[in-house]
Amino acid sequence: MSFALELNNVRKAFGKTEIIRGANLKVAPGERVAIIGPNGAGKSTLFNLISGRFGISSGEILLKGKRIDGRTPYEINRQGLARSFQVSNLFHRLSVFENIRCAVLWSLGYRYSFWKFLGNLDDANERAEQVVEMIKLDRKRDVLAMNLTYAEQRALEIGITIAGGGDVILLDEPTAGMSKSETKRFIQLIREVTEGKTLLTVEHDMGVVFGLADKIAVLVYGEVIAFDKPEAVRANVRVQEAYLGSVLAEQQAAGA
Amino acid sequence: MESSFFTISMLNGVSYGLLLFMLSSGLTLIFSMMGVLNFAHASFYMLGAYVAFTTAELVGFWPALLVAPLVVGGVGALFEKYCLRRVHKFGHVPELLITFGLSYVLLELVQLVWGRSAVNYRVPAALDGPLFTIVSSSASGLDFVWRQAPAQLCNSVDPSVVVSCTQFPAYRGFMMLVAIFMLVAVWLLLTRTRIGLVIQAALTHPETVEALGHNVPRVFMLVFGGGAALAGLAGVIGGNAFVTEPGMAATVGSIIFVVVVVGGMGSLAGAFLASLLIGVIQTFAVAVDYSLVNLFSYAGWAITPETFGYPVLRLTVSQVAPILPYLFLVLILIFRPRGLLGTREG
Amino acid sequence: MTTMLQLDNLHAFYGKSHILHGVTMNVQPGEIVSLLGRNGSGRSTTVKTIMGLVDGQGSIRFRDQEILGHQAFDIAHRGIGYVPENRDIFPKLTVHQNLLLGQKRKGVSGRWSFDDMYGMFPRLKERQHTEAGVLSGGEQQMLTLCRTLMGDPDLIMIDEPTEGLAPKIVELVAEYLKELKRRGVSVLLVEQKLTIALEISQRCYVMGHGRIVFEGTPADLRNNAYVRKEWLEV
Amino acid sequence: MSNVTNFHFKPYNVGRWIIWGAYALVLLIAPLLFSSSLSTTMLSQMGIAIIACLAYNMLLGQGGMLSFGHAVYSGLGSFLTIHTLNMVSNGELQLPVSLMPLVGGLAGLAFAVLLGYVTTKKAGTPFAMITLGIGELVWAMSLMFPEFFGGEGGITGNRVTGKGWFGISFGPQIQLYYLIAVYCFVCTALMFAFTGTPLGRMLNAVRDNPERVEFIGYNTQRVRYIAFILSGFFAGISGGLAALNFEIVTAEVVGAGRSGAYLLFVFLGGATFFFGPIIGAVLMVIAFVLLSELTKAWLLYLGLVFMFMVMFAPGGIASLIMMNVRVAAYGKLRRLWPAYAKLAATALLMLAGAASMIEMVYHLQLNEALGPEMRFLGLTLNTKGVGTWLGATVVLAIGVGLFEWARRRFAQEWNEVQEEIEHLNRRREAL
Amino acid sequence: QKGETVKVAWIDPLSGLMATVGQNQLKSFQFMAEHFSKKNPAGVKFEVIGIDNKLSPQESLNSLKSAIDQGVRYVVQGNGSGAALALIDAINKHNERNPGKEVVYLNYAAVDPDLTNSKCSYWHFRLDADTSMKMEALTTFMKEQAEIKKVYLINQNYAHGHQVAKYAKENLKRKRPDVQVVGEDLHPLAQVRDFAPYISKIKASGADTVITGNWGSDLTLLIKAANDAGLNAKFYTYYGGVSGTPTAMGSAADGRVYQVSYNHYNMGGETAKLMADFKQRFNDDWYTGATYHAFALLGEAMARAKSTDPVKVAAAMEGLRFKSFNGEVEMRKGDHQLQQGLFITKWQKADAKHSYSPENTGYTFAPVKQYDAYVASTPTSCQMKRP
């Protein structure tokens, strides 16, 4: 069977420093994977490589069996991969609804057309409305993105990511900066909106990790040192050494 | 190319390059630090020339060398404090437009104060005349003579020997010196102080920088004032080397942007390199009287006025020399948008 | 000994919206005080107002001198350090330059040297000459903390320092905060992670809707289920 | 400026029909109200400028592309149109005059395809500088190739050619005006429609955050490029109309001055709103044609107006209008009238004082030949008299004082009104 | 027509690159209008309305419209052949489309020969001498200067510069076949900041004489650069006397710059007094002699036509001979080009005989040669269409 996403010995160096040193990862369709690892291990970089923001130095990346390394972000996106950003990356002078609508246009085949009115694109509008509702921003539908609160912006960030209908979703620290209660609500939201999709997420909060993931990948110094079921990962000595093994992590995990 | 012509052209090219650098150093300073494309830069240059003219009339040229940059720097600082600062938060385009507006206002004010025709701003006697003379003779090659060469040196006795004398003006030498001084000053400012860092940081996070204990508004004012003062100094020097008239701002207006952009946004070394390069290329291009027509006929193609595109083919390199910098600009930006030595794109 | 920081009936506004409604609190020398509360309760606003970044009314006294209405750089020079939330690193500067800007005067550092910082987070030393903008989220967080320390503050106000850090590093940061205290620096800590905050602080305040709703020791708070439930959890 | 509106394209919207109807009506009756030959040409030029400024704003306001060389496209459109016109006059070609602006449009489009490819590779400052460079190059060439650009004298043509329809020869200015008006209306409608298309929206997205656009499937470069081409097309149409209007095209139409004027006046009108450039265009024609005739100090006034606008109303005139429309929508504009009236009266007083001094200075410098007396606002001022100067100073001082007082009062009321509106909004949200 | 007021619209730049010159010329027109209103054979009053065309052909058309709206029937313009062509074209069309409201155009300084040849118009009258006439005089003078052996041409790369170069080469070939043109340069208009490379090139070519049609900063910077590099060649120019240029030349150009024109600073007679008055009143120099021609011509023609109606006046102006400050001149009927004598002058220290010093430089243009109208007259290819 073909994997939704497959990384084979991916390497990436910035100047002389090699950040990703031969990462391997195979994610089956429909799986929810959390990537954890120390700060600076290269988690975000890995997402950047997969989504085409940076080119890889060597190795290969396959999306649903097709090579995507060396492609531009928009080409990769058109093949069904969508990502969110660690720092919200929105169209701040457009309203919530417009933000979402922009994100659905390509997937519905409207491309660069300037001979059709947005107002008449019923499928796009419907889809956008749906997504706005899903991320629970329907009451803020016409507010400009820059006037949203932090948590709302994070929600919109996720909304833009999933709106295009990609079936492989990468989320980079989706709950960062949220309080415990909000985090809980948000995990629920993510669960809902990514139903049936392949999900990769980066998180430091073990509560989120254990609450969301079917499998956990541990990235340390640019290598995936473990990729397994949560319990197995928690028991892994190397992982404990490198990352967990702290009171805090235990507590968070317990709270999940 | 004859060696004397080459030497002289090289001298001309380098000195013109330095002149360009002198004109644009203040712009580079402001642009590299604050990201503001200061369209009023040339107007500050003009203001410097006029102030220097008046000061020189009253107390002489040397005091003017100090007074004019101070006055212009002050005007710049005030402008920053009362106008530019207000629009900073709206982004780069309003910043640029307000300097646009300022350039109109300065031009009109200068015309109101000093009138609309050229003023008689002259090179001081001490710097008048040649710095050295290049005597080239077909018999004995090149020779440099300090200051003016005696007449008998320039007239050959032997009719078969061709002798010619070219003077290198002392004022041009002075100008080169000032340009170098500016380079060093700006370089020190950028590397030996943290002002550059403070400003760069403040561009994105002004509050954070203040919270770290830096008086951001004052630093901005100083830098803008400093940039304006450099323009003013260039005006003191350029005003009498060329002509002090209301049109002088317009004539240098866009070339200085070319220097800054070709050099690389925010790179002082880049601006310096770009100035020299443009100076030398342009100077030598003037000497080349060949056009594409010559090139093609060399290759055996006959080009006649009926050939398609003849008007373009007919242009000689020397005719396009003064617009080469713009071509250079476009090409650089297409192939290396960071500029020669730049590190960022905008 | 004089009080390090004393707020009395502090009100603060963003434009016309009234955010703080009479906050009174204090920090004593050599103390770690944490300021807790839900998202949007006004904790960040409090520290920003102290720092002079938000307009306030009332009184803020630092070592018995009124600082309300002073400009931020002046307040910083008096010895208050501020670590902003959401990673306000300077993206185009290198890590080292970021630290350099932390110093109030060039080349003058007090208790802390560059080596201390790099010793604390070796990761930063490795990335010394990279642009800070490309650092990982966690690295940026470390950098913000170190940058403020370079200014040698007597009172440091830290807004969510552990955000986005791996659990191990979070514990490390907690250790360093204790180290700060040992070196005589007072700390005002704004935190989300209760465990950490309660473990290291001597006193804590809880904020709700721009008011202080609880004041006491961590032990008091642990025992006060009502406050925890009403003002901290869902 | 945070109050940026969005244009949801809702067809069959009554308000929209009214606005467009009014626009058409204004275009229709303007020459009847202002019928002197100067005002007819000015109206024609406004129509042309409206198309050009709207086209420019497709780049600046909608795409975040700051161009310093957009006159290249309108200008080359003009040149090709006038050459076409001359070919038609010489019988080498058959084309009705009324369609000739389209030739300009196609020319603008063709050059935008050619030059835009390199220009739109980059955004931000590199984009701005490439346009500056290309603008300078084209301008320099225009003087070097008299064969095409006609040298200093430019290319002249005669728009009265071919057989007219129903006696419409386009000879009289008024006939041409209506041709321009039709083009202006249609182009405005098309460009407005563009803002409601997928590409138009993506252009906004590219302006706001090009990086993210790449991650939702779009190639930013392509978006910019297509928008640039479309903008070039409309710019070319305006150029074509200008060629017909002036019947002469000289090198200045591709010059930096023209490009700069587009930028300045679009900004002045308000780049963040679709209709901003229309206001800008009208002001541009007034400033260049009328203001310079009314006063010798027009450049000074222009510069000052710009500085003040950028400082105090960076969203342009359109944003001021929209702010008041918002107040009006809540039914609170009436309350502000008295404050506005006071503001206007004191401002006028202040201006009168300042302007009379400026005018006197200019008179002294430029018009001394006509004697020390000058007319200003119906008064005869003696520019050499101490009394006049004293009077002007007093008027200015009183004006400034009163204005400041009125301004404070106004600011207070304005804030109150805004607060109330906020309050209402919050209540509504809470419901 | 006695006692009538004749409005004359002056359409020229008051802002931009040529503002200085425009200011001076507007003052000159206002001054002359006053002078001629006191005494003219027709007994009319002249009123000058100054309109800024910003040196732009298109703006000139707006200015024309505005002038016509103000009831003006006489238009004067001079700076820039581009604007001149635009005006001719627009006035032709206007007069054709609006019979009974004709406008006459007096061109006082636009010197493109086309204006009275291929583009000639019945409504256009030129008071200056065109490029070809001036070159005719200049080369006639050069013919007599034996020391001229090698000539270098440097000009602005636009219509005017092209024409100067073209006529210079043609005329020299005809009159001094022995003179060698050792080099030719065309540089962009108002773009060159540093002329040193051009001077090196001239120097390397061994030229002893430079012919240039440059004006404004392109002329002053050229001469400055030549002086700095110690180039000893003589400069034959068209526009040495224009505002700003005398100041810029100063002592540097002593004895090295020649100018060809139809008037000069030291003509004596009535002009001396006018110049003194002008200077006293405006602290500026009156150098645009055509401002005098304009009113002399209009006054004379109106007296003959016994009307101020442009149609009649235009007819009267055709072929009219009248007295102006530089002797008797004739408005040639065939092309409406004023036929007048020309002077070659040389920049030198002002002395007792040549005492008028422009811009208080202490220097002046002193006449070295005077040519009668017929010497400089050039044939025309104009096929005038008369209404």
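Chains: A, B, C, D and E, in written order; residue numbering restarts at 1 for each.
The definition used in the following text is that a contact is a pair of C-beta atoms (placed from the backbone, for glycine too) under 8 Å apart; a residue touches a chain by one contact, two chains touch by 3 or more.
Everything numeric in this text was worked out from a predicted model, so none of it was measured.
Trainee: Starting at subunit A, find the fewest moves between touching chains needed to arrive at subunit B.
Mentor: 2
Trainee: Considering only mean CA positions as chain centres, point out the chain farthest from subunit C.
Mentor: Computed centres place E farthest from subunit C.
Trainee: Between subunit B and subunit E, what is the gap in Å from one C-alpha centre to the other?
Mentor: 34
Trainee: When the C-alpha atoms of subunit C and subunit D are each averaged to a single point, how far apart are the two points in Å?
Mentor: Between these chains, centre-to-centre, one finds 50 Å.
Trainee: Measuring from the mean C-alpha position of subunit C to the mean C-alpha position of subunit E, what distance in angstrom results?
Mentor: One centre to the other, that is 77 Å.
Trainee: Would you please write down the residue numbers of subunit D that are in contact with two or more other chains?
Mentor: In subunit D, 140, 144, 146, 299 touch at least two other chains.
Trainee: Which parts of subunit E, given as residue numbers and ranges, touch two or more other chains?
Mentor: 23, 157, 188, 191 - these are the residues of subunit E that touch more than one other chain.
Trainee: For this structure, give each pair of chains that are touching.
Mentor: Pairs of chains that touch one another: A-C, A-D, B-C, B-D, B-E, C-D, D-E.
Trainee: Provide the residue numbers of subunit D that touch subunit C in the complex, in ascending order.
Mentor: By the definition above, subunit D touches subunit C via 415, 418-419, 422.
Trainee: Which positions of subunit C touch subunit A when the two form their complex?
Mentor: Those residues of subunit C that touch subunit A are 38-40, 85-86, 123, 126-127, 130, 134-139, 141-142, 160, 163-171, 192-193, 195-196, 233-234.
Trainee: Under the stated contact criterion, what part of subunit E meets subunit B in this complex?
Mentor: Counting only subunit E, the residues touching subunit B are 17, 19-20, 23-24, 157, 183, 185-188, 190-194, 196-198, 200-201, 203-204, 206, 216-217, 220-221, 224, 228-230, 243-245, 247-248, 250, 284, 359, 361.
Trainee: What part of subunit C is in contact with subunit D in the complex they form?
Mentor: Listed in rising order, the residues are 16.
Trainee: So in the complex, which bits of subunit A are touching subunit C?
Mentor: 14, 17, 36-45, 86, 149-151, 173, 176-182, 184, 204, 206, 243-249, 251-252
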